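In the two complexes that follow, subunit A is the common piece, with subunit B as its partner first and subunit C second.
Moving on, here comes the complex of A and B:
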């Protein structure tokens, strides 16, 4: 049996859960799939998820699971996983999963394969693909030791709309979990946003994005000129915003914004997976990079290997011709 | 404050990995190495906490003899001493193996605070810090953007997805995985490099019975999901050709 751990907060489902269900269906090879939803309150999430072609949706509500803490989730899920003894426990590779899943696997002395982009084979003979060396290589890995094996799927690895729906809604069953609130050591406060997002890059038709290849902030001027020539917004990969060269609200990727513009021009961006997840849905992607092996070319429609400081002025001149 | 920083030595970002004959690992003899960049931010944060609250910063690293180079660099930047869990079998170790290698010696040290980077640039499991916290029996939090110590306890800013954050209170001792970009890195000074030569690097044998939790059965250059059209030529030629294709084929302009 495969157990999918849904991610939700007070009845709002994280859509990556659907992708994870699609991943579980790819892995199953006839094994039954169950989904577990945990939290303080789960609202309509269990009944929504019951539309998937799965054996059962399990719900565990407990006041100590709201707000989320890694200690609370680890304790609750350990009890549930031990009770159900699945072959695999699958999760979306979100920040929250990264916060508790290693604890859970370590406490149970089970393997955890993270950031999985694909499955080959089914069931216990399955191997999992995951990026290594900043996405320059893809590894096929097999979990070692005894089941259950924990697996987290990279966001976007499977499509939410690929989930097979059932002919009738799956049964929704309540679970009771005993939790010792005194053992939760983290005390979180309410989430907040640093500043009002000044630019909503998700609405931009065209984006010119820069990465480490820009080398120094004094080169931003030519990027602005190019963006103007394209009629585009300027965005960046994480290192540029970390260095303070552009504000944080210009950041594309897992810790920034996710965008799907008509045109995305990646300049001097190597294509680390954390960036790619935020832009790979763009309609047309252009990559310009001096390193022919840069992973950004894997997702690009048009690629140019070369020095951006030579190509950008030529592009500006070409665009201004018309 | 007795602060530990876990540092991993990884192949340089610029290095294009080449595979061993059996295609289950990279040719280490071709590789150049550097400090895992996220760990450099963890070290910088540890040094800043020491400057504010006093104490010692101890670099902890598990790996083959080559790892000494990144340990020396951390000592040159200002760490006080180091633990090196040395074994050739740790060169390809997964997160569980590294955590199990580090845990016994680190438990003995009884650190108040343990900092790690949030993931490594080589295998990138994003697990080691959290597994280590579990093995040390201390609480943890991940992807941290600010660390405050008030009245012997932590108040930390954790990054959530999509530009959201939250404050978390937690007792010490604890482990935090540090988000890259939390601070501005300092570089080693000549004085620091000289001073580092006199600092202690304690070699610790690897504990018995380490087991890997996942086996790499194959490594490959990722298969393309898209047919990328490469455009070659002089800057003027590629610019003209790209603009033409964006107008006529992609209709993106």
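Moving on, here comes the complex of A and C:
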């Protein structure tokens, strides 16, 4: 049995969970899949997830699981995993997973394969690939030791829309977990004001990204207009953030974020490999650049060679018509 | 601020071939001679031992045989025994084989190795002996008591870009030692400071350096037999420029492709990386690489000056070994065995001194006597003038090298030379007023095909270099004349000589240019610290663990 650990916060699902379910389905090879949703309150998340072709959705709510603490999640999941004894426990490779999964696996003395980008073979003979050397090499990893093996899937490794839906909704079952609140050593403070503002670009469906071709910070205005017209987040390549025209948390690439939106519009970005590694997984890439030789066109699905200061206003005008 | 202090008998700064050989030799002496057990610590700035190691490399196994006689049983990763040497002189379009392989370039019995892999293995041998190996900790400052070296302070962690402490701040540790062996590599930041403070280079010739740029390639099957070694002279270098290129074939259809040029070139617009690209575009080379794929990139300076440029390597409480001291044979293009040998000799000296309770400069002077009686002097003394002779051009250099080989090193006196960066000419002097029309652009602006040739930024990606972005810039530029003076006179040479796009002149918004330092691109090659014509750049270690990932290089 494969156990998928969903990620949610107060009833809001992290969409990477769907990708993880798709990954679990690729791994299953006939093994049943169960999804576990844990937290203080889970809202509609379990019933939403029940539409996937899985055996069962398990829900474990406990007041000590809200807000998130690594101790609370480690304890709750250890109990659940020991109770269910799955063959694999799969998780989305999110910040939260990175925080608690190593201690969970270590506490249970099980292997943990992180940041997995693909699976070959199924079930107990599966081999996982994970990137090394900033994505240049891909290592084939087989977990050692006894089950369960913990596996976290890289964001974007599987597509959320590739999840096989069931013919009827899966059963949703409540689990009770006993948690000793006294054993939780962390007391989280209220989320930072900053943290609330910080953008998690990996969740954006559309991104408009700018590079050196924007020339001066005065031109950010027309980019904002285009982003609004698309309903997109604004992001940038390194030089823009280095110059302080946009905050560092909007940087895409090897020293910034890795994103896989449905639409990525690259404006005046030459496509240095350090940038491309952060966005090449996007579903549709549109590039606008003056230089027809710019490497960004090698990864673009649609390319326009031209002056972005002419093209962007024209695009905005068309989008506003629509 | 209160710092933690660690006291050891012998501290070794730098986990390369010299430092690790020293550590291993100390452990061996302990077993052989017994007595009070010495505590030994090794500092290494890379996150993992070997990660910052890059060289050609052809290994002369003579020292390895002495240090680890059963190296084969212990699985020393010697990639391939050398089967065939080739030496060519390249012209723009063709190649002329040397009639005979010059004896210094005959590599029978030597091995092609990945220095990173070899060093990692050497580190395992050291750790198996129970020596404490602290990787991820750079030596930041020398601790001194008057003229006496008493240890090293490691770098702070968790200092932000603005110099303020971040929540994860951890102060560096003071490691105090009876003897500190400095093995911090070519142009090591601590050795450089020691040489200045204690005037260790008084009466010596100025050190000479070169920069080596290398890529690891995967080639179509059967292209080159493993153990094939190719050296070239000539194109793309001019007669006045010292250097050459190499191709070393490894097993599994891999090969090292590298290019070395003296950091004493006169043309301020010279760009080593661009010339590496030109070398690869030579028909002979491009044919060899066709259909292959570049999988790794790196760059590193080399100490090329030879015997007469080696500083005094002993002082009260301190010794210098390996590339830090300049122990390299530039005629044979080899230094790993000399680094290992001087590391062993330094260990023997330190062991005796600590046990005798006397680690003064005169007691540690035994190191020099050991070097003089060792194969190190026997190998380096005869070729002491070779690099300097090439300062007169390729032909005089070759003639001198030939004479040295025939006479066993006889030469009346010392051939003088200048520090390499002082030889750089100003743009107007070198290219003339009309030169600008025909001036080659820095390689960043030269079209590359990203199959055979790459721009610097793409190459840097393949060095795997990474640094925490939120830390102070580790390249200290103590001047603001970049645009006003250096740019006018020398045409922004830092942008050209840096092989990793660290230095960039950007628009300052006032119709001028300003220097932007992309410190996180740095591959720790030290070229800027060496070649800047105003000697205004100082390389200091970034936060521990940052830097390239030279696996397989």
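Going forward, the second predicted complex is superposed on the first by the 198 of 322 C-alpha atoms of A that agree within 3 Å, B and C clash if a C-alpha of one lies under 4 Å from a C-alpha of the other, contacts with A are read in each partner's own complex, and residues count from 1 in each chain.
Here is the rule we use: contacts are C-beta pairs under 8 Å (C-beta built on N, C-alpha and C of every residue); 3 or more make two chains touch, one makes a residue touch a chain.
For clarity, every value in this text was computed on a predicted model and none was experimentally measured.
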**Report entry** Winner by number of subunit A residues touched, once subunit B and subunit C are compared
**Finding:** B
Report task. Please work out whether A:190 is in contact with subunit B alone, subunit C alone, both, or neither, and reply first, second, both or neither. Result -> first
Query raised in the report: Touch check for A:162: first (subunit B), second (subunit C), both, or neither?
Result: neither
Report task. Check whether A:181 is in contact with subunit B, with subunit C, with both or with neither, and answer first, second, both or neither. Result -> neither
Report task. Determine, under the contact definition given at the top, whether A:242 touches first (subunit B), second (subunit C), both, or neither. Result -> both
**Report entry** Touched partner set for A:254, first subunit B, second subunit C, both or neither
**Finding:** both
Requested in this report: Classify the contacts of A:122 with the two partner chains as first (subunit B alone), second (subunit C alone), both, or neither.
Outcome: neither
**Report entry** Set of subunit A residues, in rising order, touched by both subunit B and subunit C
**Finding:** 133-134, 136, 239, 242, 248, 254-255, 273, 293, 295
Query raised in the report: Within the complex, which stretch of subunit B touches subunit A?
Result: 11, 13-14, 16-17, 19, 26, 95-96, 99, 118, 121-127, 129-131, 133-135, 139-143, 158-171, 174, 179-181, 211-232, 235-236, 238-240, 242-243, 245-246, 250, 252-253
Query raised in the report: For subunit A, which residues are in contact with subunit B within the complex?
Result: 70-71, 94-95, 98-100, 102-103, 105-107, 110-115, 127, 130-145, 185-194, 197, 206, 230, 238-239, 241-243, 248-249, 254-258, 262-263, 270, 273, 283-287, 291, 293, 295, 297-307, 310-311, 313-315, 317-319, 322
Query - Contact footprint of subunit C on subunit A as seen in their complex - result: 133-134, 136, 239, 242, 248, 254-255, 272-274, 277, 293, 295
Report task. Using the touch definition up top, name the residues of subunit C that touch subunit A in the complex. Result -> 295, 447, 450, 457-458, 460-462, 464, 466, 469, 506, 516, 518, 520, 549, 551
